[in-house]
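Below, each structure is written out as structure tokens.
Next come two complexes, and both contain chain A; in the first it sits with chain B, in the second with chain C.
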Partner chain A sequence: MSTTALSIEARQARVTRWLLLPGIIWMALFLVVPIAMIVYVSFWTQTTFNISPKPTLASWQQFFSSSTYVDSLWTTIRIWLIVLAATFAVGYPTALFVGLFVKSKTLSTVLLVICVIPFWTSFLIRVLAWRPMLGKEGAINIVLMKLHIIQQPIEVLLFTELSVIIGMTQIYCVFMVGPIAFMLARIDRNIIEAARDLGAGFGRIFWKIIFPLSLPGVVVGAIFVSVMVLGEFATSGALSGRKVNLLGNIIVTQVGSLKWAMASVVGVILTVVMGIVIAGFLRIVDLKREL
Partner chain B sequence: MEQRFLKSVLGVYVAAFVIFLYGPFIVLTILSFQQGPDGGPQFPIIEWSTYWYQQLFGLTPPSRIAPLPFGDALIRSLILSMMTMVVSTVLGVMSAQAFRRKFKGSSVVFYLIVLGMMVPGVLTGLGTSLLANNVIGIERHWYTTAFATHVSYTFPFAFLVMLAILNRFDASVEEAAWSLGVDPWTTFRKITFPLIFPGVLSAMLFAFTLSLDEFPRTLFASGRDQTLPLAIYGTFSVEIHPNIFAFGVLTTLFSFALLSVYGILMGLSVRRARRQAMQEDIA
Partner chain C sequence: METAVFRLEGVTKRYGDLVALDNATMEAGSNEYISFLGPSGSGKTTLLRVIAGFEAPETGRVIFEGRDITNLPAHERGIGFVFQNFALFPHLSVIANVGFGLRYGKSPQPEAEIDRRAHEMIDLVGLKGLEDRGVDQISGGQRQRVALARTLAMQPRLVLLDEPLGALDANLRGRMRTELRAIRERLGVTFLHVTGSENEALAMGDRVVVLDRGRIIQTGRATEIYDSPNSPDVAHFLNRFNLFDGTFRAGYFEGPFGRIPAPGARRADRDVYAIRYDRMRAVAPGSAVQGPALKATWIASEYLGSAIVNFFETDGGRVVEMEQHLSLGAPQTFEPRQDCLLTWNPEQAIVFGREAA
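This part shows the complex of A and B:
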């Protein structure tokens, strides 16, 4: 009896292995190896039109001695922090309404679907749509002038860092709303009732109960937003008139002029920044446990 | 009292939020009806017309503004998304099925898969093209290198969807089948798969839409022939005309159609499951 039990166990283990193998191989070949390649090629020797595997630190030295490149690192971090804060500030109240205040399940589903519908427009066209919104003769200026709030059109709206931040906030804020609303909806209403019965005001209930319980959602949302903003180049390219250069923009221009080694150096730096950010977030919350 | 006040304030806020979310799309839709071919992609509207929609379908006489070169790119993108959808859903179902048993190194494998959605696309794209172009020395194509990066991006989503579905799955029906001597593969085909089918549909939908709109990975990894997002990106560098806005409106409507089909399929499968359950109750 025990031998058959063991063989069933062994058989199941074998099935598990075969089920996992294709996925593991795919991710190893097309995700881990490519990232390793970025690290590897960043030490290659670059000449004007050619690149050879002879190891050198030249591209690394070039990166850290050029203020354009180093500035792009700081710009990336600055824009990432601003957009992260903006998506949180814009998204949290919405999530609070959808996840906690709306009693009807249907209404909250409808609201979430309303939030998701804009994603059915191509990402690049959504970026492009901000141009006629923000321009000197754009929709925002027209509306504000009609309402007599301003006399002169605001010109700093388009082709500045501000336009990049506005665009990214609108495009990514829904990634904050979703996870936070999900966590808020899971809160046991009896806890809130109990706190209220004991005489706690809404502010106290929010800071002591609601916010801490929604924190995993905030972290998941922050990971989504960070991954997308740190790797961005299309929004910054299209809305800043090439004035805002993120690390992603540098990679694109370097690849465009076949400077693979420099593109790889920037890639490694982006990977490191990414790794630190995600590791930091994952220390706050265990992603696997929250599923 | 305090709570009711707060709820109405938040309600007003959410209305403003929705306007913020939809503002660009509304402006885009308005401008897609700009007069053509001389009207530009900005206010004011010179005269309302459907010129740019007609131009998309080649119904207008040739003018100084060339029609968008999107035909081939659209077909390529649809084929690529189909391929990505099938492969990543199969991989997702297999891996999630494996995760129902505890095994050594499960959290390493979990993070290896989830890594695919955490690495920015520009890095996967760059790495894959370095691997193909510089290290191995093969040509890049949308159906080879770009396809590989698409799957390594959508597979984690399919995996997580299936994991969530299988976590809530009642294993006793499978055990019943096994104890009756049905082999595991038949059990999966006849029992497990029909039950998790709504989840499979969601995973497919996720993979398809993510792949259809995927841009940064494709930019470096796809070689000479463009996919749809690359063709759209190509119009960024030249002058923009309202035809791109008309195209955006049409693709959004197409997505709506797709979503409706998904909703109907989902509704049907839920209803069928309910009917079967009822029949079993009667029996």
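This part shows the complex of A and C:
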């Protein structure tokens, strides 16, 4: 056997290394190095006009001793949980309809595309479009007043936490619908018929068969929504009238005023929170087995 | 036959313009194994789904244990259904699959009872020791048994099996045939088994029901169907006959093999001459033969272990099969493209004619 005749395994291993290389370089340069940099910068010394690499815990102490910053952490977590619940509550029935009840594959694809249509406009327009909808003299108030259901316009609709939640739910709902509908569409209809033949009613079939089988979709959808909501700043900026400050908003203002160390502290905290959330979701199902 | 436990009366089912079931009428006794044979699209699966209650017929009635169940939902019928692809619950273990109906069905049982009956069924189908495996961790044949145990755990009086052996390999199929029959005999319930395989239908059914284009065209014991198919279509589905078109007139059949007397012809909608593969004989061209003589050239042979099948091509370009059992002595051998004369004893043929009595 000649020396050039490498075993198939050795050759495959070499191919694998070459295929992995671009991804590894990309991730190292644009993910690992920046994260390490953020962690590093969070310990730098910040003065009003300057920043120096002298290590200090000052920014960290400032974050945890200021109620503004700690509150924004809790606000972020609260809004995330509410939006997650809302997207699930709205998204699951939609996905159930699109993925399971609609028998024609074509129709269910069409319905999914319809869900995506709002994304044909820019993010900012989608967010700002809620203002004429929810405002004091907005569409909802006008209609309710014309119908004499209310006498005074409902002011809580806009520039409150509620408007932020409404806006985010609308924008991120589709990321919940997609993965769930995908998992539901993969369920063999014979399984449901078999369960029915064994005497199980709709409720039992849903909780014991359909829901467990769609759980991987729920987890993927929840990860999508969580990652996006936790890092949000635009919706809260545009719809809360600056009253709702998420961690994302803090980063934007800190960077705006060149407070790199503080922005890094918030960035690290946000990254840790996201990591915990994703790890938690991945514990629910073994995605490698399902997909 | 014992008292009829189950009856179909003029059941018709359409999908748009397609008539899937056309006025189907049949009966099944208690403690019987009935197989439905038909090509794909003959309506056999539809028939099963109507009986199970997954589809509602346009006209006709389904009677089960003296009750009209035509409009009863599937789970209230007390009829078990075993799906072609088994339709096991993929996220549940073997024992949870088997116990599903007992646990979540119409009349939930206490846990101890579920456990006892599920174990009993698992023993019955021979899966002891695999109770806690996931259903994706067992083989195809074992999955088939789980599906059967899951249905039998509900103690149905009638079990419907939709091509239950279709997804198994040939070896396993043979074993499961015997096993299915044995399980059925132990429980004494009626099985209705749908299949596209004539061997399976004949081997398993106490009675065989032959379907074609939504109609039941023959019902009878396996030997009756095999020895005397009542129409050219049944003969065709059995896949054991050479069929020749021709004309039947005044007691004679004229086909590619000459004009020969056909005394016992049966009435049919077209003139067809049927002769079983194993009734054929090949002789040298030019031999003097009495009766039918068909010129043909040998193309190929297939060795089946117990028999050998020779394929011949006639002048008209159609393929004729001849089967020789090896127990009857050394088989004839042929050269490629060798010319032969095929003949047979005309008394063994089955003749269908429009003019027949």
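Miscellaneous remarks
To be clear about the criterion, the second predicted complex is superposed on the first by the 278 of 291 C-alpha atoms of A that agree within 3 Å, B and C clash if a C-alpha of one lies under 4 Å from a C-alpha of the other, contacts with A are read in each partner's own complex, and residues count from 1 in each chain.
To be clear about the criterion, contacts are C-beta pairs under 8 Å (C-beta built on N, C-alpha and C of every residue); 3 or more make two chains touch, one makes a residue touch a chain.
None of these values were measured; they are calculated from a predicted model.
When both complexes are superposed on chain A, chain B and chain C end up sitting side by side without clashing. For chain A, the partner with contacts to more residues, out of chain B and chain C, is B. In the superposed pair of complexes, A:82 makes contact with neither chain B nor chain C. In the superposition on chain A, A:137 contacts chain B only, with no contact to chain C.
In the superposition on chain A, A:195 contacts chain C only, with no contact to chain B. For the three-chain arrangement built by superposition, the Cα-centre angle with chain A at its corner and chain B and chain C at its ends equals 80°, in steps of 10. Once chain A of one complex is fitted onto chain A of the other, the partner contacts of A:185 are absent, as it touches neither chain B nor chain C. Judged by the touch definition given at the top, the superposed model places A:101 against chain B, while chain C stays out of reach. By the document's definition of touching, neither partner reaches A:162: not chain B, not chain C. Look at A:238: by the touch rule set out above, it reaches chain B but stays clear of chain C.
Judged by the touch definition given at the top, the superposed model places A:204 against chain C, while chain B stays out of reach. In the superposed model, A:145 lies in contact with neither chain B nor chain C. Of all Cα pairs linking chain B with chain C in the superposition, the shortest spans 9 Å. Common to the chain B and chain C contact sets on chain A are residues 201. Across the complex, chain C meets chain A through its residues 52, 54, 74-75, 79-81, 83-85, 87-91, 100-101, 104-107, 150-151, 154.
Contacts from chain A toward chain B in the complex involve residues 12-13, 15-16, 19-20, 22-24, 26-38, 40-41, 44, 51, 90, 93-94, 96-98, 101, 111, 114-115, 118-126, 128-133, 135, 137-139, 142, 170, 173-174, 201-202, 223, 227-228, 230-231, 233-234, 237-238, 248, 251-252, 255, 260, 263-264, 267, 270-271, 274, 278, 287-288, 291. Every residue of chain B that touches chain A in the complex is listed here, in rising order: 2-3, 6-7, 10-11, 13-14, 17-18, 20-25, 27-28, 31, 41-44, 91-92, 94-95, 97-98, 101, 103, 107, 109-110, 112-124, 126-131, 133-135, 148-149, 151-152, 155, 159-160, 163-164, 167, 184, 209, 213, 215-216, 219-220, 228-229, 232-233, 236, 240, 244-245, 247-248, 251-252, 255-256, 259.
Residues 188, 190-191, 193-201, 204, 208-209, 212-213 of chain A are the ones touching chain C in the complex.
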